[in-house]
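Two complexes are shown next, each including chain A; its partner changes from chain B in the first to chain C in the second.
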Partner chain A sequence: MLDGRSQVRRRAGPRLWLSGGWLTALALAAIFASFLSPHDPLAQDLFLGRMPPFWVDSAEPGYFLGTDSLGRDVLSRILYGSRVALTVALIAGTLTCLIGASLGLLAGYLRGWVDVVVSRLIDIWMAFPPVLFSILLIAVLGPGLISIIIAIVVIDWTRFARVVRAEAMAQGAMDYPASAQVAGRTRLSTMLVEILPNVLPTIVALLTLEMGIAVIVEAILSFVNLSISTDDPTWGGMISEGRVSIYQAWWVIVFPLITLFLTVLSFSQLGEGLKDRFDPVLR
Partner chain B sequence: MRLLRTLLFRLVSTAVTLVGVAVIVFVVIRIVPGNPIAMMLPPGATPEDIALLTAHYGLDKSIPEQFFIWAGGVLQGDFGTSITARQPVLTLVLGRLPATLELSIMALVIAVILGGAAALTGTRERGTKIEAGIDVTNGMALSIPDFLWGLILILLFGVAWPLFHISGRVTPSLDLPFTTDFYLFESVIRLRFDIWADIVSHMFLPALALAIPLAAIIGQLLKQSLKETMHFDYVTLARTKGYGETRVITREALPNAVLPTLTLVGVQFTFLIGGTVIIERLFSYQGLGNMAIDAVINRDLPLIQGIVILFAVIFTVVNLVVDLTYALLNPRLRHA
Partner chain C sequence: MSFLSISNLSVRIAGTTTRLLRDVALSVSPGEVHGLVGESGAGKSMIGKAVLGILPRSVEIISGQIELDGTDLLTLPPAEHRRRIGQSCALIPQDPMTALNPSRRIGPQITDRLVDILGWNRAKARERAVELLHEVHIPDPDRILRSYPHELSGGMRQRILIASAFAAEPKLIIADEPTTALDVTVQKQILKLIKEMQERHNTALLFVTHDLGVVSKICQSLSVLYGGLVVEATDVHGFFRAPSHAYSRALLAATPKYTDPEASLTPVPDAVITEVNAQVDAVDREWRGG
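Let's turn to the complex of A and B:
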């Protein structure tokens, strides 16, 4: 056991630093996109269409990562795209977590009719193909940042509810919540003061994971052209445009894809790392 | 007896779930802005024309009324008529279902092979650098969703090193002698291995993209239960009999370790099927998911409804089958 613990701690270090570092850099890029971007991300120049990145001989100076078929600067578009991605990750992730974890906690600890209703809803939700459901919701709500956030919350709350419900149920069956009640705590305060702290590491891990998922969902929705307005740069939109010209201009799809890849990987690694850090058993 | 009661309970709760799905889809798609009828008619259509066609599709009635008319039809096998294709929804959906089923099953097979191999190798080489390598690969495979794997595979094996097709289900110029829509299956039956190879070349990358995350889950879980099993007495006994490590793992440990993985694979398989929606879009694969996205974009209400219900049916049936298999395989439940 001791060996396992020290091993986990050793591995958690660099993983946390690397993923945290990438996400911090990305957050800075999103905040300062207007200073960092060498070009206007929307400026088209048809004479400079499909220029390759800087290390290729025929590259156009000043366009580090090349241009897309309309002559827009790929680097600037990636920088501006991080704004949409991170906004969705933070807001949708947090809201999904709050709603899903609350329902899961209530269902798992209070049991009774709350649990019946929540479990039945989870069953119904699990029978929907999530991507199709999100596309359908965007069609209903209309494109836009708020619609994407609503769609993610509506679809993904079950991820939190399922896991937190099971954990809360397991914790509730132990002796300590009962003793807390004997000591005079109400059920609500037992749930918040005794159960919640023990479920928190799981919730934190799920939250960072969910942020990564939110980034992917936004990318998928902009890939099928249902995200925000088609003018604003999004990674998914760039990937969708790059997919069309994949044989003529690979850089249009490769650079946003790498950014998306690293971001999703960082969110999930951050979650795993934090879970190891905060898990009372491992600590 | 207990098995029968479990079965009955599961059937009832499945039915409740499906009705729930039907109600939600029905209500959600009826608040979609954008009139599908107006999109069907030529620009000069009069309001009377629109009203006539709206009545024809039953869209002038209240939502509860529409639901009962639709549900009555569904019970008789009538899922309505697609507004864009003007064909029965059932015909359209059943025409695409085989493509999606073949893709999902191929992905499942790939996932079981890759995940099983990872788990067996990891158990055999436990405690070594090889096991650590497998763990890291598994972790990576799990962190990245199928959509990204699809894009990465397209770039690697479709563009940089073009080994496979990255678009469509079959080369359009091929003359298909098929009577069913199960192309992969029928090409084997008819011994047309030229067509079979073409279909596999189209299906391989999307199936692999769907399979990678599931393979990682299978690899992790199966390895964990295998390693736990390795401490049991009968494994030690098999070793004292002089059996080799590989034989001990595959013959003694595996049959006892496979059950928890099986239940998980069932649930994860429904996630995989859900993933076909975007993967089919990405690879322009002519399946249900691709048709579903088009239906949403075209506001084809009856078609969307039919596809979502079909997906829900597949999901619940898969879960039901897994639960029953588990009950049949698990001796503790069987004899109880």
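Let's turn to the complex of A and C:
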């Protein structure tokens, strides 16, 4: 029986490899964007406007994925755009996770007034329409990377808080936290040493999911021009610009869309894969 | 001199006047096994939880003393309460499936207490853990200490919980229906094991159960609980020969007879329930009046 389980543990699976591989490639692209990009992502050349990608006959050599209506290189803009996307994903995702999971854990394990306060806060939060709420927040804070991150954290912490609270409650109702307390543990140490490791697989899965969502939120905000300054390339901004010329130059909108899609998918698949590996029963 | 002595203990649902324990008194001496019997909801487990300080937040202690070795636990600050409990008491919980942390290996779960409370080093604690697993008849302790709980069967886990309870040589162990979640063949072994360990370590044992058969095998004295009220407290021989309270008699009559499997089950008669309910009400009236 022991051996059967450890077999399961060793198999990482194509899901984990593929999603991890794509995200690693993307991270490298973001870090080395200035070396990898064949062109300046902001350089305009109106004579080279709407050049198709490399396999089409009329393609301009050196512009692999074509150019947009202002003659800017689509590949270079996607590479630079991954900087914003990944920064937002990592920072906003992590902050959201820290705040939401902490509140959820405290509420779910300690119960009492902490739970009352956190639960009511979640109820109130959930009543706001998230997209409108974020647009409103950015309007108040002013556009910019930090504003986007703040908006995502403020909107999405409830996702963690709700799930982690429920999970912590379920764990708290079992016998082992009580046994730990009889053995002299304080409530706080019980929460951190006994409860937290059992909630961790869920938190990890949520965290990567949240990173994917952060990428989408950033793209949505860029799409409505509320992200960072319009100069910096973002995937959402590219999609928004490409939308105008979709009949003449489909590649301007399609390539950033594919990148966005693969990235969000990879984050969620990575989460599922990691969850299995963190789960003590499956591990 | 008894090691645990509870007197006048009342517990209610927080913020209401509904009492869940009604002036409970009982005591357990070193080496004694005291049974706590009653139907579900009678408050058996509640007494154990009150002693160990792990009552749910929804209930509160409103009066009484819980004296452990002469000190009233209820007057102690929480940290001191926790320290005392950790040093001298242990719990054998009901459900071995949820009583071990699924994400930690067995080893540290047994040795934690030795390291945290007795201040032993890890190596010494681990040696002791191996010794204990031998004591509860677990083969290959080294492998078990490295295992996760889900890799072990229910009976195995209950053995581990028993070993863990006896680890720090507690003076008092509270066993909260330790055999209820196990199948019948394993129940018998576990019961025997608890008795064996209790006798070897001369521990005071408060044994919560709804099974009078178990009481007759393992306990010296018992308290019968109904609606949070101790309706009868006596020694086991007296109880099984001639229970004095009508409810006790009815409870005893309701036990299925092994010798007569064809006999239909006898429920506790309505008249007895009415009588004992009236007694509970009378106690409550007196309490409100006083």
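Basically, the second predicted complex is superposed on the first by the 271 of 283 C-alpha atoms of A that agree within 3 Å, B and C clash if a C-alpha of one lies under 4 Å from a C-alpha of the other, contacts with A are read in each partner's own complex, and residues count from 1 in each chain.
Note that in this section a residue touches a chain if its C-beta (ideal position, glycine included) is under 8 Å from a C-beta of that chain, and two chains touch if they have at least 3 such contacts.
Computed from a predicted model, the values in this text were never measured in an experiment.
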Room on chain A for both chain B and chain C (clash or fit): fit
Cα-centre angle that chain B and chain C span when viewed from chain A, reported as a multiple of 10 degrees: 90
Which of chain B and chain C A:S34 touches, first, second, both or neither: neither
Chain B versus chain C as contact partner of A:L137, first or second or both or neither: first
Touching partner for A:P129 - first (chain B), second (chain C), both, neither: first
Touching partner for A:Q248 - first (chain B), second (chain C), both, neither: neither
Dominant contact partner of chain A by residue count, chain C or chain B: B
Chain B versus chain C as contact partner of A:R120, first or second or both or neither: first
Chain B versus chain C as contact partner of A:T24, first or second or both or neither: neither
Superposed arrangement (fit on chain A Cα atoms) - minimum chain B/chain C Cα distance in Å: 19
Where chain A meets both chain C and chain B, residue numbers: none
Of all residues in chain A, those that touch chain B in their complex: 120, 123-124, 126-133, 135-137, 139-140, 142, 212-213, 216, 219-220, 223-224, 226, 239, 243, 246-247, 250, 253-254, 257, 260-261, 264-265, 268-269, 272
Of all residues in chain C, those that touch chain A in their complex: 49, 52-54, 57, 79, 82-83, 85-87, 89-91, 93-95, 98-104, 112-113, 116-117, 147-148, 150-151, 161
Touch list for chain A against partner chain C, complex: 1-2, 5, 111-112, 174-176, 178-186, 194, 197-198, 200, 280-281, 283
List of chain B residues in touch with chain A within their complex: 13, 16-18, 20-21, 24-25, 28-29, 31-33, 139-140, 142-145, 147-148, 151-152, 154-155, 158-159, 270, 273-275, 277-278, 281-282, 289, 292-293, 296-297, 299, 304, 307-308, 311-312, 315-316
